[in-house]
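Per-chain residue numbering starts at 1, and chain names A, B and C are given in the order in which the chains are listed.
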Amino acid sequence: MASSLGGVAAPAEGRSGDARVGRIRISLWIVVALGVVLPLLAAPALTENLSFSFYLMLWIILCTSFNLVAGFTGYMPFGYVAFYGVGAYATGVLHKTYGLPMPGALVCAALAGAAVSLLLAPTLRLKGVYFGIVSLALAVIFRLVVSMLPEDITGGSMGLILARANDPQTTYYVTVAVLAACLAAAGWLAFSRTGVALRAVRDDADAAAIVGIDVTRTRLKAWVLAATFPAVVGGLEAWYTNAIDPEASFNILVTAKVIVYSMAGGLGTLLGPVLGAGALYGIDHLIWQKFPVLNLMFLGIIIMVMILVFPRGLVGSFAQRFPLLRRYIP
Amino acid sequence: MTADLLLQGLINGLILGLIYSLIGLSLNIIFGVLRVVNFAHGEFIILGAYAAYFLQRLLGLSPFLAMPVIFVMFALIGWALYFVLVKRLARSDDPETASLLVMFGLSITLGALMLFFFEADARSLDYMLEPPFLMFGNIVIPTTRLVALAITLVITGITAWFLYRTFPGKALRAVIMNRSAVATVGIDVEKLSAMTFGIGLGFAGVTGVLLAMIFPAFSPFAGADYTLIGFIIIVLGGLGHPIGALVGGLLFGVTEQVTVVLADNSVALLVGFALMIAVIFFRPSGLFGRQQLR
Amino acid sequence: MLRVTDLTKTFGGLKALGGVSLHIPEKRVLGLLGMNGSGKTTLLNCINGLYEPSSGDIQLQGTSLLGLPTHKIAARGVGRTFQVPKLFPRMTLLENLAAPFTTGDASDAEVYERSAEWLNRVELYRLRHNYAEELSGGQQKLVELARMMVAQPKLVLLDEPFAGVNPSLALLIIRLIEAMPERDGCSVLLVSHDLTSVYQLSHNIVVLHEGRVLAEGGAAEIRSNPDVIEAYLGA
């Protein structure tokens, strides 16, 4: 070991080893992303029942983007479903009421999600419990406002039927593309310097400012990105099921499931939410078919057990158990 | 005529507000002492209503007599839940957010259980008071609301006496102000915390009976609404501040009822939320609290 | 380098700083002494923008820092450590040291070289993949020092760098501070209770008492100043 004031360059083998660590981590993420996207792309050729794979993609996208705000910046938005609902309604209203073609409506949904996130950006000044409560309240406000809008635009509390748009095959492939984009965006964010800045802000906002990080702008980047994808997903779901209504589009259970899936996998890692969504959506799907009401109960119990017993999730617990492998986990 | 309607709204608001403030009071005692935001509060309130319903159906107990029974029942449940759930939270990285999540899980679980056992139909308590309405000039007030108001005042009085005149009450307020100092002067914080959670849930149960008396019907779905009302009230009055809840409750009750006169129910809730968000941004410690954003 | 003019800061009715003026020339160490509550940390918080001063001025190389947000002040070359180190606990040491570069245009290789160099200087290179939360308190202080220095600041504010550090680590920290003016080319504002090391390291010393400058001068002057003796021993 060099003395503190003498030779100070990094040992060559340390340097090349550390560069390799970074490369391995990125490659692993690419492998995981391809491993998720390619089978889903092939699914229509293999099976008639696309519903399961469609919703699987939906949850992976929701959890991955939720992780950008909850895992990388440390906020817990209980009203996350608001972005999803806004996207569903933007798509539904623009398509049905104003006759915009579906692709255009989806792009507008993404823009609407981003716009709403900018509108709500001031809430990022709030901390902890206050942020959670306000976020939840905002989701309820959105639902109330949407159901109070004129019926000839949004269909009121009955919602809208988009029968004309019915094209599950196309919807499916568009969703695969959105999934790929989401995984790529999350990877870009996590491996870029913005990713380091984000986690610094999450760990200690004052310290982050001290080292020159613009805390507000850094948070905003993640926040907007984390709001855009659920808005698109809301639109995709509206397109797929051909129906929207305020209760379903702003259902707090969407937030609940997103939280459970991503926490189970492990917030703060890229791998965690994907793994959590894949595993738990599968289980959820099986239970849901047999006992719809008990399913809710299990969801609640899983949240409690999760937080009390292993709050860092599958991937987080693995990393704690094997600290030497930790540096390779994307 | 409009003036009469507004006056009616104002009086309704004051009465309901005081009853609502019970929700805020118990939420605030729990948050103040335990730093736990009880997301499942609304579900316990609805459970209280169901308890009164079944005590009446099965044992013929009137809702008034059921209240003390329910208080004790829920206090015991709270005591037990403290050891099962709340105590473990202290060990997590970020206890406040973790508490929010755990209680969120509990709220979903309880909601599902109620749906499973009691089904989705609305129920109502079966009792009558004579006369059903009292008239004061042009103002009509249902007798049940006045009775509920009286009960609320009694409960608030007892709570104030407990908090300011008895030893455990004073200890409890001391914990709200400075948790670490209290442990060093020899108060058993754990026992006090368990008691607090018990009292908090006991209040929630009784509040449920009162709300079931003044509103025509209740169902498993209403829990979330009461939780939100509770959140609005404690944010208005100041998180963790028992007296603030009273003011927050009155403020929300009046706002809600006056808006109902001028517009309708959903607008009333919207205005309530707007009020809450305005307070959070302009006076984050609440109207009466001293506690800052964190 | 840094000139503070007649700075005041009040919290509610409480006057934490009552008109403090001081000056740090280029590549000099200014020691700041004072009892608990004398306003030392408040002064540091004002300089790097965590607090907004009530009146007065703070100038770095002739331009005022007033009204700038903390991250912009950092970008002007002001570094800071805290009495209780404020690291990023769930990031590795390498990531902690990379955080200051998230806004600049240094290449990845350059960031790595500079981080590695500083981890070597604080003798923690072998722990570079550990999370900051896994280190001891003294090691965390070293990492914080390295994270500050890796950005090549012009002025550093050190808040109690020796508090809670064992003697051998304290020696390393003293050697690092000693090297700061010449080797690293930065000015230092050193806040500490530890009289011996302040006397040893500082070119000039300011004593704060109840939010005001009580005395100013070289180590020998301060040591024999009757007001200082009175404030430290009499109170």
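One rule holds for everything that comes next: contacts are C-beta pairs under 8 Å (C-beta built on N, C-alpha and C of every residue); 3 or more make two chains touch, one makes a residue touch a chain.
Note that the coordinates shown come from a computational prediction; the quantities given were computed from them, not determined experimentally.
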Touch-based graph of the chains, sorted into line, ring, star, complete or other: line
Most central chain, judged by mean C-alpha position against the global CA mean: A
Chain centre separation (chain B, chain C; CA means) in Å: 49
Averaged-CA centre spacing for the pair chain B and chain A, given as whole angstrom: 33
Between chain A and chain C, centroid-to-centroid distance (C-alpha), Å: 40
Sites on chain A touched by chain C in the complex: 1-2, 4-5, 7-11, 14-15, 18-19, 21, 193-194, 196-197, 199-200, 202-204, 206-215, 268, 323, 326-327
Contact footprint of chain B on chain A as seen in their complex: 76, 78, 122, 125-130, 132-134, 136-138, 140-141, 144-145, 147-148, 252-253, 256, 259, 263, 293-297, 299-304, 306-308, 311
In the complex with chain A, residue positions of chain B that touch it: 37, 85, 88-89, 92-94, 96-98, 100-102, 104-113, 115-116, 224, 228, 231-232, 235, 239, 266-267, 269-270, 273, 276-277, 280-281, 284, 293-294
Residue ranges of chain C in contact with chain A within the complex: 48-50, 69-71, 74-75, 79-80, 82, 86-92, 94-96, 98-103, 112-113, 116-118, 120-123, 125-126, 128-130, 147-148, 151, 172, 175-176, 179, 183
